[in-house]
Every structure is written in C-alpha cells, then in structure tokens.
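We just call them A, B, C and D in the order they show up, numbering each chain from 1.
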Amino acid sequence: LVLVSFSDPLLFMSTRTKKTTVGTIDDDVLAFTAGKDIVLDLQLVEADCLGSAAHAIMLSRMKVKPPVLTKDETKRIIAVLGSIREMGRIGTFKITPADQDVHLAIENHLTLALGDIGKKIHTGRSRNDQVALDLRLFARARLQEIMEATLDLAVTMMRWGKKHAMVPMVGRTHMQPAMPSTVGLWATSFTEALFDDLELLSTAYRLNNRSPLGAAAGYGVPLPIDRELTSRLLVFEEPVHNVMYAINARGKLETVILEALGQVMLTLSRLAQDFMIYTMPEFGYFTLPPAFCTGSSIMPNKQNPDVMELIRSRAAVVHAYGQCCRSILLAAPSGYNRDLQDTKEPLLEGLASTLASLRIAARCVADTTVNSDRLRASFTPGVFATDRAVELVGQGVPFRDAYHQVKSELGALAAVDPDEAVRRKTHTGTTGGLNFDLYSEYASDWKTGLASERRRVDRAMNTLMKTP
Amino acid sequence: LVLVSFSDPLLFMSTRTKKTTVGTIDDDVLAFTAGKDIVLDLQLVEADCLGSAAHAIMLSRMKVKPPVLTKDETKRIIAVLGSIREMGRIGTFKITPADQDVHLAIENHLTLALGDIGKKIHTGRSRNDQVALDLRLFARARLQEIMEATLDLAVTMMRWGKKHAMVPMVGRTHMQPAMPSTVGLWATSFTEALFDDLELLSTAYRLNNRSPLGAAAGYGVPLPIDRELTSRLLVFEEPVHNVMYAINARGKLETVILEALGQVMLTLSRLAQDFMIYTMPEFGYFTLPPAFCTGSSIMPNKQNPDVMELIRSRAAVVHAYGQCCRSILLAAPSGYNRDLQDTKEPLLEGLASTLASLRIAARCVADTTVNSDRLRASFTPGVFATDRAVELVGQGVPFRDAYHQVKSELGALAAVDPDEAVRRKTHTGTTGGLNFDLYSEYASDWKTGLASERRRVDRAMNTLMKTP
Amino acid sequence: LVLVSFSDPLLFMSTRTKKTTVGTIDDDVLAFTAGKDIVLDLQLVEADCLGSAAHAIMLSRMKVKPPVLTKDETKRIIAVLGSIREMGRIGTFKITPADQDVHLAIENHLTLALGDIGKKIHTGRSRNDQVALDLRLFARARLQEIMEATLDLAVTMMRWGKKHAMVPMVGRTHMQPAMPSTVGLWATSFTEALFDDLELLSTAYRLNNRSPLGAAAGYGVPLPIDRELTSRLLVFEEPVHNVMYAINARGKLETVILEALGQVMLTLSRLAQDFMIYTMPEFGYFTLPPAFCTGSSIMPNKQNPDVMELIRSRAAVVHAYGQCCRSILLAAPSGYNRDLQDTKEPLLEGLASTLASLRIAARCVADTTVNSDRLRASFTPGVFATDRAVELVGQGVPFRDAYHQVKSELGALAAVDPDEAVRRKTHTGTTGGLNFDLYSEYASDWKTGLASERRRVDRAMNTLMKTP
Amino acid sequence: LVLVSFSDPLLFMSTRTKKTTVGTIDDDVLAFTAGKDIVLDLQLVEADCLGSAAHAIMLSRMKVKPPVLTKDETKRIIAVLGSIREMGRIGTFKITPADQDVHLAIENHLTLALGDIGKKIHTGRSRNDQVALDLRLFARARLQEIMEATLDLAVTMMRWGKKHAMVPMVGRTHMQPAMPSTVGLWATSFTEALFDDLELLSTAYRLNNRSPLGAAAGYGVPLPIDRELTSRLLVFEEPVHNVMYAINARGKLETVILEALGQVMLTLSRLAQDFMIYTMPEFGYFTLPPAFCTGSSIMPNKQNPDVMELIRSRAAVVHAYGQCCRSILLAAPSGYNRDLQDTKEPLLEGLASTLASLRIAARCVADTTVNSDRLRASFTPGVFATDRAVELVGQGVPFRDAYHQVKSELGALAAVDPDEAVRRKTHTGTTGGLNFDLYSEYASDWKTGLASERRRVDRAMNTLMKTP
C-alpha cells in the first residue's frame, strides 16, 4: 500500500469502525502524524545516507573512551549506506508505515544488516538535526540542477533572440501597441530576468550551504562532537553556529528557497503569457513546436499551448508553497515544532516543479518558429508616433509642439519602415544597442562557476562514501 | 510505476538522454501535462461512473433518430459502470499513463468490455463538463462528511464544555490574565464558531450542487440534450444555466469550497493553539489523552501534542491551497484554460485534510482531562479587578473613581472565590448565562438536515446505478 | 498633522534623537501602536454613534438602582451623538493623536459637551466589544451598497448581453479559437457569476448581522445588561450568544467578508482581462468608452484600458487583504489580541475597493460598443469543426469517424454562417437557449430583497437616533 | 483635501449624482485611476528631484545640436530641484489631484519657476522609467536604514544575550520543556537569524542598485542618451541593460525586496511570540519595560505586550504586501501594465513597517529584564533526562539501554544543577560553546560595509545637487 496523499489517513480513520490502539499511540494518530512522509522521504534516501556516513566518521574520531565506533565498524556502516544509496537511486529502497520516515527506515536497515553496530549510528544526533541536514543536502543538489537549467534557458533565449535580433515586433504597454521593438529585445528581456533569478538562487544556495548537524534537538549534546568535521566532510561552507538557530532555520530556509524559485516561476509565467498571446491566430507572431501542443479529443481544429498554460499555473502553485511555509512559520514560536513537517512537501514539490518547468520551457522555446511576415505586418502608423515626436525634439522642437504635430498627422507615419525604426535606436540596451557579447560573458561566467561547484560537491560526496 | 509528485516528470525528463516522440506529443510534454492526474483521479472513479450513468440514460432518451443508445445498451453500460465503481471502492481500478486520466480510463474500460457501445458514451459531452461534473459530485460527498464532522466536533465541544461548564478558568486578552471565565465558556466559544463554519460550508455546498453537464467545452452542442434530466437524475438543485459559466465556474467553485474549509481550519487552529498553551506544564489546565501525544526517540521525558501542532500547520496548508486557486484564476481570462488542472489537487487535498483534522480533533477533545485544581489555582487577585470595578459602578460609583479605588487595593481582591465570580455574571452568553439548550437545538436541527440530505443523495445515487 | 501610513511613526522615531516619555507610555510606542487608527477610524464615526446610542438606551433601562442613565441624560447623549454623526458625514469631526481612536474621540466629545454624563456611556462596555460592534455596523452598510452594486453590474451585463444576444463571437478555450459562441453568452456568463457572488455576499452579510455588544472584553460584565435589547435596537438578527466568541469572531468575520469580496473581484478581474484582450486592435471586438481610457503623455497614439488594468490589480489587492487577515488569525490564540488592529485596514479598504470597482465597471460596460463586423469576421473554418462532427453523430455516424471526416475537410466548413451556427444550438443555457427571463426574475427578486433590507435598517437607525 | 484611502474615490463616485466629464477623462475614472498616488508620492519627492537632476545633466551633455539644455539652464533646474527637495523634507511640498502624481507636480513646479526651461526636462524620458527610477532610489535609501536597523537589533540581542549568557533557561520543542538551554543561546539564535536576513537584504539591495533611466516606455528613445552617465551620477552599479527588462523588472523588484523584508519580519515575529509566552505570569522569565506595555482602560490589572503583538501582526501585513505584488505580476504579460501602480503602496508601506518594527524591537529588548530566579525555578527533572542518557552513551552504555535506565529513574535527576548542565555542553555553538567573538566580528564587518556604502551614496547625492 502506498500513501499518496492526506486522503489516505481517511482510509484508516473512520467514524464507523473502532480502532485498536497499538502501544501507546493510536493508529489514527499515527496515520495523521506520519502524513505523506513515507512517500516523500523516498526522495531523501541519498541525502540521509551521505549525512549518516559523515556522522559515523565523526563518531569514530570523537575523543571518548571507548570510541563510539571503531574504524572497522565505520567502514561496514558506510558500505551498507552505499548500498542503500544505490537502492534509493534505482527505486528499490522501501519505507514502510512502521518505519514512519526515511531516518528510521535506514537505521532499521543498518541494524538488520549489522546488528548492534547499526544501533550506534544515532548517538549524539536527533531526528531534528538529521532531517534538517537531509533537506539541506537534497536542496543543494536540486538547486544546482535548477541553476543550471535557469542558465540554460537564459542562454536559449539569448541565442534564439540573437537569431531574430532585428526582426521588428510591436512593443506594447497596457497590452496595446506602443512603440517599435524587436524579437531580440523581447527575448533577451527574459535572459536578463533569468540572470537576476540566478543571483537570487545563489543567495538561497549560500544560506542553505551550512551544516546543522550536531544541533541535535536544538540544544546540542553533552559529548565532544566535532561539528566542523562533519561540515567539512559534507563540503558545507561552515556549520550554522548557534545550535538553536540551526533548528529554527528549518522552515525559514525552505521559505527563502521557495521565494527564489517563485521569482524564477514569475519570469517563466510572464514568458508563458506572452507566448499564449503571440501564438493566438489573431497575432501569429510565433508558432510553438507541434510536439509541445495538444489537440482536443472533441475539437478536430485545436492546437493548444498546454505547456505554457501549465507553466503559468505552476507559478501559482510554487507561490502557494511559499505562502504555506510563511504561514506555518508565523504561527509558531522558537524551538522545533511539529508544524515544520508540513514544510517538507512544499519544498520538494517546489523544487521539482520549477526544474521541470525550466527544462520544458527551454526545449519549447528552442523549437519555436518566428513568423517575420506577421510581425512586420502588425505595425500600424500609431506605433511610430512617439519616435517621431522624440526625433522632432532632437531637432529642437519643444516636446509639446512635437507631440501635437505628430498627433495631427498620424496617417503620414504609415510610410515608416519598421526595420529602419528599430535600427535607428542605438543607445545602450535598446533595439539597436543590445550587447549580446555582454550576455555571453555573463553566461560563460555562470557556466564556469556552476560547473566548478558541481565538481567540488560531487567529488566530495564520492570520497565520503569511500571513506574511511 | 506510480507517479506521486511533480518530481516524477523529472524521471522522464533529462537533459542528458534524448527522448523519442510518440505520435505528435513528446514524452516529456506528456509527463509534464498529465502531472499527478493518474494518481489523483483515483479518487474520482465513483463520481465519473455516476455522471456517466446519468449521461447514458439521457442519451438513450434524447430525441434523435436512431437513438444514440438503446435501452439495452444503456443497461449494459450502467452494469459495467457499476463494476468499475466497485473496483474503485476496493482499490483495484487502475489508471495507466496511457489513459492520462480517469475519464479515458473508464471510457477505455467500457470499450474493452462492450466494444462499440462504449465508444458512444462520450457523445455530446466534452472532457471539460465531465471533469467539472466529477469534481462537483466528489465535493458534494466530501462536503457532506465534512459538515457531519464539523457538527460532531461542535457537539463534542458542547458536551465536554457542559460537563465542565462552571469550572473557573482565567480568561485572557493579549495572552495575559484578564478576567474570570469558565471552561464552559471557552469550550462553547468553539461550538459557536463551528456553527458559523457550518453556515459557510452549506453555502459552498449549495453553490456546488448544480449540474454543469451539457456545457461541453463551454459552448454547448448542436444536439437536443436534456440538461434538466441529468441534473435531476444526479439530484442537483438545477443545471448551471449559462454553459460558458458552467465551465468558468470551475476554479471559482474550488476556491469557494477551500475558503469555507479554510474557515473551519482557522477555528481548529485556534483550538489547537489554546490546547498547546494550556497543556504546557506551566499551565497544566488540561491533559491531552496519551494516545494522542507522541514521545521522542531521544528524550525520555517527552509527551508532545503533535496532533495539535499538525492541525495548526494543516490550517496553513489549506489556506495555501485556497491561495493557489485564487492566483491561478486571477491570471487567466474566460473559457477553459489548462491552468485549471492545477486546482484539482488543492481541492482534493484540502477536503481530505480538513476532514481528517476535524475527526482527530473530536476524538482528542473527547478524551481530554480537565484539571480543576490547576485551573482554580491560577487565579491571581488582578483577575477580579475589572469585575470589582464594574460592580462598584453598579452601586453608583462613577467608573473612573471605581477603577482607581480597585487599582489601589488590588491585594484585597485575593479573597474572591473564582467559582462565585463566574456564577455572578448572568447576562446572555456570559459565564453564568450560557444557554446550552440553545446549542442543543441548533445541533439537532443541523443533524436532521444533514441526515436528510445524505439519505436523499444516497438513495438517488443507488437508484441511478440500478436504472434503467 | 495627519498620519497617513505606517511610515509616519518614523517621523517620531529616530535612532538619533532621544525621546521623552510622557506618562508611562513612550511616544514611539504610542506612534507604533496607534498606527493608522486616527485616519481609518474617521470611517467609523457614524457606526460608533449608532452603537453608543443603543448602548445608552439599554443603560437607561437596565435594572439597577439608581439607574446608570436617566431618560433625560440619555436624550441629551443621543442628541450630541446625532450632531457628531452629522459632523462625521460632512467631514468636520476630528480624531487627534491624543484621542488614539474614534471611541475615545467620541467619548471625549461627549464629556466635553455633557460633563459627567458623558463619562457614564462606557459603563458595562469595553473597547473590545465596541470596536467589534462598530465594524459590524459599518460592514453592514457597506455590504448593502456592495450587494446593490453587484446586482447593478449583473443587470447591466444582462441588458448589454441581451441587446447583442445573437451577435456571433468566437468561443475560446486555451485562449485559442474553439467553437461558435455569442456576445450574449459571454456577457451573461458574468451575470450568472455575479448572482453566485451575491449568494456569497449575503452569507457574509448574515454572519455579520449579529450583535457582539455586551461581550465587553470577551468575558461579559457583572451587571444585568440586556444584550437582546441592544441587538434589537440595532436590528441585528440576534446577539452572538457566547461572549468569548463575540470577541473571537473579530478577524474571522473580516476574513469571511474579504473572501466574499475576493470572489466578486475574481469575477471582475476575469471581465477586465477579457475586455483587455478583446479591445486589442488585433481583435477589435469591443470599443471601451473613450472617457474610461487614458492616453499617454509621451505617446500620441495611445488609448489605454487603465480602468480594466486597475480592476485586475485591485483583485490582487483585495485577495492580499484576505490573506493578511488569515495570517494574523493563524498566529494568535483565543481571546482579544492586539494583532486584530491590523485587520481593520484590510476590511475598510477591501470594502471600498470592491465597491469602487463594481461601480466603475458597470458604467464602463454600459457604454462599451460592440463591433459586430469584427466579431463576425474573426470566424475561421476550424471554429465550426466540432459542431459539424457532433451533428454527424446526431445523424448516426460514430464520433471517431465523424471527427476524422471533419478534420479531413476543414476547408469546406468555411461556408458555414456564424449566425446560423449559434442559432442552431438550442438546449438549455447555450447560444440559442439562453433564458433572459430567468435572469430578470432573479434580478427582480434580489432587487426587492435588498431594497426591503435597506429600508428596514435605515428606518431603525433613524428611529434609534430619535429615541427616546 | 487629502486622499487617504481607496475609499475616497467613493466620495466622487455615487450612483445617485450624475458626474460631469472634464476633458476626455471622466472624474470618477480619474479618482479611480489616480488612487492614493497624491498621498503616497509625497515620499518620492526627494528621489524624483535626484533623478531629474541626473537626467538634466545628461541632457545638457547629450550630443545633439542645439543642446537640449544649456549649462546655465541645467544649473537653474537643479537649483529649483534642490528647493523642492527641501520642501519635501520639511513637508511643505504639495501634490494636488490635478497633478495626479509627484512627477507632474515637480514638472509643473519647475515650469512655474522656470517657464519653458522646465518643459524640457521630460525630453527622452517617460513616466515609466521615471517612476521605476524613483522607486529604486527611494528603496535604496530605505534599505540602507533597514540594514542598519537589522544590524542594530542583531547587536542588541547579542549584547543582551552575552550579559545573560549562562543564565539557564528551559529549552523547548513542541512548546514543551525539552533540554537545558540558556538565555544566551536563545538570544543569539536571533542574532544569527538577523545576520542571514542581512544577506537577503543585501542581495535585494544589489538587484535594486541598477539604473532603469533611459528605458523610457520600455523601448528606448531615438536620441543619443547616455544611460551610463546617469547611472554613474546616481552611483548605481550599472544600468539595467535591456530597456524592456528595465520596465518589466518593476514589480519583480518590489517583490524581491518585500520577500527580504518578509524574512526580517518572520524573525521579528518569532522573537515577539517568544516574548509573549515568556512574559506571561505563568513563566515570568522576562519583564518587558513598562514604557513598552499598555494598560487597559477598563481592566486596572493589565500590562499588555501590545508592541510584540503588533510586531507579530505586521509580519502578516508585510507578507500580504509581498503576496499582493506576486499576484499582480502573475496576472500580467510583458510591457508596462497599469496594474503596477498597485505595487507602490505595498513597497512603501512594507519598507516603513519593517523599519519601524526593527527599531522598536531593539529599544524594547535592550530594556527587558531577565528574571534569573524564575528561569532557574522552571527546571523540572525531565529536562535533564536526555543529557543524562547521552552521557551514559559517552560512558559506553548503548543508547537504548541508557534511555530506559534514565526513564525509570526520572525522579533522581532532580538533583542536577541547571548551571552545571549548561556549562557541561561545550561543542561548537551549544550553551557552553557559543563564540561571541565570532558574532562581534561579523557585526563589525557589516557595520563598516554599511557605513561605507552610506557615505558613498550620500556624498554622490550631495555632489549631484551641487552640479554642475
């Protein structure tokens, strides 16, 4: 049986049948409190193995007599953790309702495999710092993928924009035609937004990249644990110093991450909305690749931009996840509160949704066709009015006079060539003044930085599982 | 393979492996757009069977030559729908990724069982009005359960409150001691809040209880379908008249329902917070039943009110679901938009979460112990100050004089007996003036009304599956 | 000096200058805690006068010896309250920072005018039940106006829709052309949504229409106050029974009201979005009245639908107000908490924003022009495809065959006359089956009900101020 | 007349009186669209003067013949802008309804003072880039103050925490007693949270610190404007390159800032909640300074922590402002949309609310008394249970055995001295292992950085107003 949603507790919990109480905890209570953990936690198997390996190594070196773990015991623990990690990857590791969560499932597995040795792994650790650690390790890996995918989309938009850089496009304000613009200007406006999103993601990454391990339940332990060592083994920047904050930061960090993801989704949502408008037959500026559209089982005539619509709604979903975490945090005082369990799904789903949206958007954009004829044909005389008035100003006519002069002869503007109009504006960042080299440089810097961080982390994680 | 989260699309979607495109739709696109439907839709099996049965009966009576379905064909269709409904109940009905959703899964099943007859069921119907119908039928059933559970908790609080009606309890404002109160006043403040919540739920129920069937994609069909008949068969109040609104109402209705659920959760959250405070050892007013508390795997001394904490966080979760739907709707114009798919999970989960929270709260409250000694011991002289000042006013002393007189002799108030103090206030709705009969009457009216509605609907649904 | 925003406390509060502390409360603290009350409360002058009048009458009849107020004193109090109410209406009543809020401002004014008599008005009342009462009275009056404005817009859309009932319009799904529709179907889809919104508003109105007076700080008073009497004088349906709930309901009620307003705004936002799309020159379906559009100071060519854009954003604003109240409530336990002060601005602004949006939308729609030529010209052959396929089904062709047949000859559909197509669909609620009489009946029922409620309340309020 | 809220449009807009239409725009429309700008914009006077001065200098150096502005004209313009800036500071600058907003008010003032010269200032600029610039300049100044106030509170908590570093305090999880902790650990958990908030604020500051000037309506102008020059004069990091993104970033940036502010408020809200709990008489851990508490006009016995309650509710308010901006952005496509006007109030109010909350919290904490006796007295035997079990583990006893041994002799733990218990835990970041020097170093680095940035900006702004 697989618990897939909050609805499942209802299977157990009926007003009609009387429940038996096993041990001290009522079955219904167990179903209510475990929630979706046994499904969601499947995503945390790898993180829990890595964190446990680092903890085991630290225990083996901790200055107590006799040592909590011998070198050999540590070796055997890490070997089993390695096999669990592998099972997690191929999907054969199971978490049963009796396990409650990934932490107990792995501990039980270790004990089954190694007997008493397995029972020692939890020494000096609480479920509180363990889950905080797992979520940070998991988020770190996902944020790397998300930053790579964000960069990838930024570059895709830039290349696609460069290809159609000077194709004229009616620039709009208030959704109404405003002034001459280009496909290049439109496309790279997203590139630049995504660069800003990368900054936000990397701040979230940095705040996340600290080790809570050793905080236990938020008040430390009376053992000479070495928090710097575990932090170093897991290549975190440093331990979160204050152990109470290490626990209080749970929920806060999820919110910080979800808010950065929410910014990415805002960018994507705007992109999606623009595509939905510009692919309506009344516009026909762009044609989405057929493989990214769906028909209708009842309407033979349909080609719907479902992918774009769902990106737009996923933005609302990711924002709602952030809202959920903020509300949970607002209602609770310091110290671990069980409420925090409900920030797990928002985080995991928010990361997954954002990554999926970025990847599918990049593939869709890359294959989108630009219909230059339709774009050029959509220029009406009014679109050139402002440029004309400003040009008169450049010739010394006071603006108000220029404005009225242009307004009285709107018809005469028809003759303006849109291609000419967009070339004529040349200052920094405008249609004729876009600096694609600047974008390439940024992109290249990000690429190098992200690749190096990925190598650094991957190498350390592999080393860790081979230690000692 | 079971898709449990948005993360699953990532299994299919990798930047490394090249995907093949089957038919016109790319595999990644399919994974992205189908989302969690194949899991979530398992909850809609019964509703889809009921709706399809009503639609089949209508088709068999529709005045076209030849009839779309004969009486016999209709009979056979309903028989198969009956067996699918049963499979849905016991959990053996499957929705495959190829099916995409419950609607096609059932249609495919019908066609497998009945050949060409099955292919006719979709005549004059679109997936748009079909899913709108399913969600309304599903929500109707769940809202009935939720209203029953809300009433049940209201009654539980009332009975528990009546049992301890005159046990004195320090009334608080600003979380600080304020004036004498009672356990009865505190407990029935929730009873009354839940009665208000029932009003909100019943308004949502009523708006939900209309049939969208026949709206097709929002523009009707050029066939003489009988929308009143299907509405009647499914005992809806009436069809949503305007077919475009029948489709536009999707999302709006989910939001209305989630906002009513959100109000229930606000009431529960406040209840939970009060319990968390009053069960801290510093208060000790109440003791939660041990079966509803959890210990700690590391701290031998713990008895934690996890259930209450999770009720508090579930309130934030349900609010976030409402927020999600509102944001989705804000961003989209008229007519069906694919974005609406993402309002399904919020609705289903919001209903399940609220129901589970109500049921567990009722069971927990019923077994909660009241520690009268601790409650009485917590009265400090200041708590009686206001009553004393007001009493002086009743004796003709101007309030400001009374206030200062009392303030200057706060110590002398210690002698007041809390039991006496709470008996002395007798006007409507105060500690000594609570009318439990009034609550019983309300409760009884609701009980009768809800039971009758349930009978009405259950009887009709059973009749429907036996028709014709 | 007028405090207009949270920013004003900053004027008082500087890290550089040392503040003096007057009495026990620090100036900065006063500025921080009073917040915007002295501005916002100007809206509550009338409500506070009405509530105080009812309270005075009750005090004069309360069975204590000597009576708290004599008949003559009550008369004089009500006379002064009448003049304050008038000052409030014409905008000459002032609330000073020293007053802190409307309640003290009015009490101070009474005491200034009547000496010791004024000091008695607060007997048996707390600021908590007083503000709860004021907000309910204020919201009742505003909700009446809002329900009237909602009905007005519903009727406007219906009449405008009826006038253009059979003008063909391309029906859309996924923002793409889908099937034949009409201006009438589109317009009345909003009429029907607004009727649903009226149901939600009236539920909020009903929950609001109960008297909290006499709850004092949530625990009643040791005086024989007559809560039924004040409730009757103010024509509430009944008193909120439980005095603790009367105070706990603050915030909850604001949220209920804001969620109903939010639903109205969702309807308006969708209307606004549709107008923004259909008035783009690429569509040109409708032309907004020039008086409702704004030009640009720099672009001579612009006619922008600012009103529609701002209605869309106001929907987000009203939703955010609801979110604010929900979050405030989630974080606080039972009993009055000062947090509730921050639900006042959301309520007042939410009511005002919704009313302003409804009124301006109604005026704008009424004068919007329908361009039938553009609407008819936008029909492409594909739009008729589904109808054609369904018609074949009606003639006995299996749907899949019909679907493929139509798809292979999409070009041949061009000959279909849109006017004919929308007439041909005649079942309930579709293009040719709209029942405008039904809408008129609903509208007429609502009109009668709202007018009668307004008369009932207005008459009672006038009587009250003339009593005794 | 001062417009203070959305309600004001209602004064103009009545269904009863017929409005006259002045010019092309209806009065009601003007009231609806101008909204609160004429009040809110008073905060932008200084920013608009600075931006206009930079723009004027750029115009005077722009390579067109004849120059748009001569050196002398520029000098005169800047002189008048200087006097307007001063009027803004002392509160004598007015924006009339006819002005609509600060931009026209200042332009009108310039024209009044300088005739035709004033009319040239708007050359090559649109209201769109102008308001985007003003908001960035305003936010930059406020964010500096907010970062300083955040640092100030972090340092206050650290010093207060250091003073009471080793005072024992019961550490809690699930709001229940858990393990020994200290006032120092609790206090510095906030210091560390605030350091994280500083990182988030500084990322927002950096994204904000770019110049949109020259983007005009989002499509640039056909004049050789020098966007690098204006950016340099206003000491921005650089211009936002893509002119369309410069406009699209409006709203996004507000959201980024509000999300960073929301994180600060989350920290403050938790602090406030802890204070509210620990100052209840049942705890009595801390005593808030009397000047920061308010009494009750009716209850002689009250000392309420209003400031803390309002900080908690302001957190909800600031979150709602962020939500408002997110929703507005989600609903709109690329290009300036009027909806963005409604992101102005959330930004201005969010900045002001956060700053006021930080400042008052710092003053309140600094004077809060620690009641060591109450803190020590609250230790019950169970609080030491975990430490004892872990210590046994350190002595070689398997954890499960240790756990059961401790549980069976909970009573014997009573003898443990809390002071001893908190000293005994010495690893990094726990009660006995806090590194205050580390915090001092961080604080000192931030102090230096913030002071240097403030000097850099202030100097440049002063130079600008003296130029040329």
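Operating definition for what follows: a residue touches a chain if its C-beta (ideal position, glycine included) is under 8 Å from a C-beta of that chain, and two chains touch if they have at least 3 such contacts.
Keep in mind that this is a model prediction, so the values were computed, not measured.
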item	value
Any chain in contact with chain C as well as chain D	A, B
Fewest hops from chain A to chain D - one hop per pair of touching chains	1
Chain A-chain B separation of Cα centroids, rounded to whole Å	30
Centroid spacing, where centroids are CA-atom means, of chain B and chain C in whole angstrom	25
Distance from the mean Cα position of chain C to that of chain A, given in whole angstrom	37
Residues of chain B touching at least two other chains	122, 173-175, 178-179, 217, 269, 273, 277, 296, 298-299, 304, 306, 309, 312, 315-316, 319, 323, 326-327, 330-332, 337-338, 386
Chain contact topology (line, ring, star, complete or other)	complete
Chain A contact footprint on chain B (complex, rising order)	2, 4-7, 9-10, 13, 15, 21, 24-26, 28-29, 32-33, 35, 39-40, 43, 122, 126-127, 149, 152, 216-217, 269, 273, 290-292, 294-299, 304, 306-307, 309-310, 312-317, 319-321, 323-324, 327-328, 331-332, 337-342, 346, 348-349, 351-353, 355-356, 359-360, 363
Contact footprint of chain B on chain D as seen in their complex	173-179, 276-277, 280-283, 296, 298-306, 309, 323, 326-327, 330-331, 378, 380-383, 385-386, 389, 403-404, 406-407, 410
Footprint of chain B on chain C - complex, ascending	64, 66, 68, 116, 119-120, 122-124, 128, 171-175, 178-181, 185-186, 188-193, 196, 199-200, 203, 206-207, 214-215, 217-228, 239-246, 248-249, 252, 255-256, 259, 262-263, 266-267, 269-270, 273-274, 277, 312, 315-316, 319, 323, 326, 329-330, 332-338, 386-387, 390-391, 393-394, 396, 398-400, 424-431, 433-435, 438
